[in-house]
């Protein structure tokens, strides 16, 4: 019983104390996830808008590829990026392996298709109606696209948040291409895995709690946004 | 000033529209009537250019002066005023033109209302305002009063008549109501299963339908 | 016809089960060892022979030394094979293990980029080599996972009164020997590793220093006490230790590595 109290005390100490390594790990995680989510959104959302609002010959084929990419296992994405960035790979001279950049790249590979797919779904519902009305008024294709994006803006925010949540929880790919290097590429998920392997459960639990809190906050925000969009 | 030739619209093997030749004259008002699924909406979409026919061609004299209002017009999430202004060029007169158009359809009190909070009828009136806020040579309207109440319907019909008479534009609209066709159109076209079965002056077609299908369609209606 | 098949299958199953059960009480031995031992390939080499000779089945799990020993405390292992003397003795003192049986040793080595920028090659001791690396600020990749290898590395830094934590050239990965070598290969840095794993691992690093006194690494086996957990396979653990210290095993272990790498990787401790 005493041991449990010690453990709880240590966890609280880590959470509210000034453990620099804990805070550093959280900082790297947030930096990486924000960058991954933003870039994925910048690429994925416009692609999704185009996919969801236009008809073209190869559309079914593109959709099939998109769905395959959406289901890409994280470790496979990690492997592909690893092979590209390693010394013996085509991009080896960039020396990007085991850096935050490499982790962001791997996450972009994983998250962009998801953003594209989600966006295409959202847009495909509203786009035909908007398209007809906008074309009927005499708006040009570019203007129509802008209006479609504007009308779906609320859902785009929730898509962005979903991407962020995915980035922060990812462990396979970032472990492979990031290397979990102390002070450099150690993020919450890889740190939890390592500390558990080493048997240092207090640190792992503290990190786990932080991760849970963040994930919970994001999901609440997304739900809130979805609800208000539904009523809008 | 707009005509279709040898137009065929096929979806999945089914023929939805089949029109060998159809010409619309400038400045006249045409009403399309027929059952649901008879091809009214398809014809309007082909004329508007939002649907490409499987075969055939559409010839438009003034393609840039066309206004098309679909069956369930989309109301954007910003203000009603903005919703109408978006159809106009950004000139100093834009706001006044938009306000005037909205007044014509009886929506003066809705200027600041959010578009996505409007009822079906209000959204349709607003969509009509969009159409008439600036001069157009051709107006295509798909059931423009399907959701409006009697006052709204009145308002829209009067507005359209005034606009058509003053601007000399061509008006082509579809409707479920033969009475509306009589009020608003000079010529009536009856569609059945994608084909034109009747075409002629409104009173004639509606009083003396020549084909069996048209007779059946109009049997419950009396002048 | 269907019913007959079901009866026949059931009969065969029951027969096979009873046939197995007659020989040994608990045929499964849970061996907890370190990632270094596992990565060297030694256990994969010995396991089939051991299982054939004794009829036991070996369930091998590997983790960092700390976690590997922890399995003994939590009752998740029957026998340990590790190489961290201090931790092992602590373990015995706490009463989790019956006795510690050191039985083989090998040396850690220092590997690094072919060009050897810090001039490690030719150092008299590992400590001297570490000092050169620190002074040159050359990239050094550490396991950083509290394993036996890591503890041995830290001991050397401590002897120099140097703490490399947080230095820009010191890369701590918190992972297995194999993984650490992979990172070392990518970054072309220095790595403190056991020779067996290094040879078994595909990389372009060069062997720069070996067989100094301060790099000797002793492996021991510990049978977990049967007093703590009811299902501990003490008999199995004893059988394992007995076989591993037999002449046949000694012979096999001494031969391991010669064919593939041209040299012996593990040396048998002379019996006292």
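Some observations on this one:
All chains are identified by letter, namely A, B and C, in their written order; residue positions are counted from 1 within each chain.
In the analysis below, contacts are C-beta pairs under 8 Å (C-beta built on N, C-alpha and C of every residue); 3 or more make two chains touch, one makes a residue touch a chain.
Model, not experiment: these values are computed from the prediction.
If touching chains are joined by edges, the resulting network of the protein chains shown is an open path. Overall, the chain located most centrally, as judged by its C-alpha mean against the mean of all protein C-alpha atoms, is A.
In this assembly, the C-alpha centroid of subunit A lies 37 Å from the C-alpha centroid of subunit C. Subunit B and subunit C have centres, each the mean of its CA atoms, that are 82 Å apart. Centre-to-centre separation between subunit A and subunit B, using Cα means, comes to 46 Å. Of all residues in subunit A, none touches two or more other chains. If you check the complex, the residues on subunit C that touch subunit A are 63-64, 66-67, 70, 144-146, 166, 171-175, 179, 183, 185-188.
Across the interface of their complex, subunit A is touched by residues 45, 48-50, 64, 66-70, 72-74, 76-77, 86-87, 116, 127, 130, 140 of subunit B.
Only residues 126, 129-139, 147, 150-151, 232 of subunit A touch subunit B when the two sit together in their complex.
Across the complex, subunit C is touched by residues 86-87, 97-98, 179-184, 186, 194, 197-199 of subunit A.
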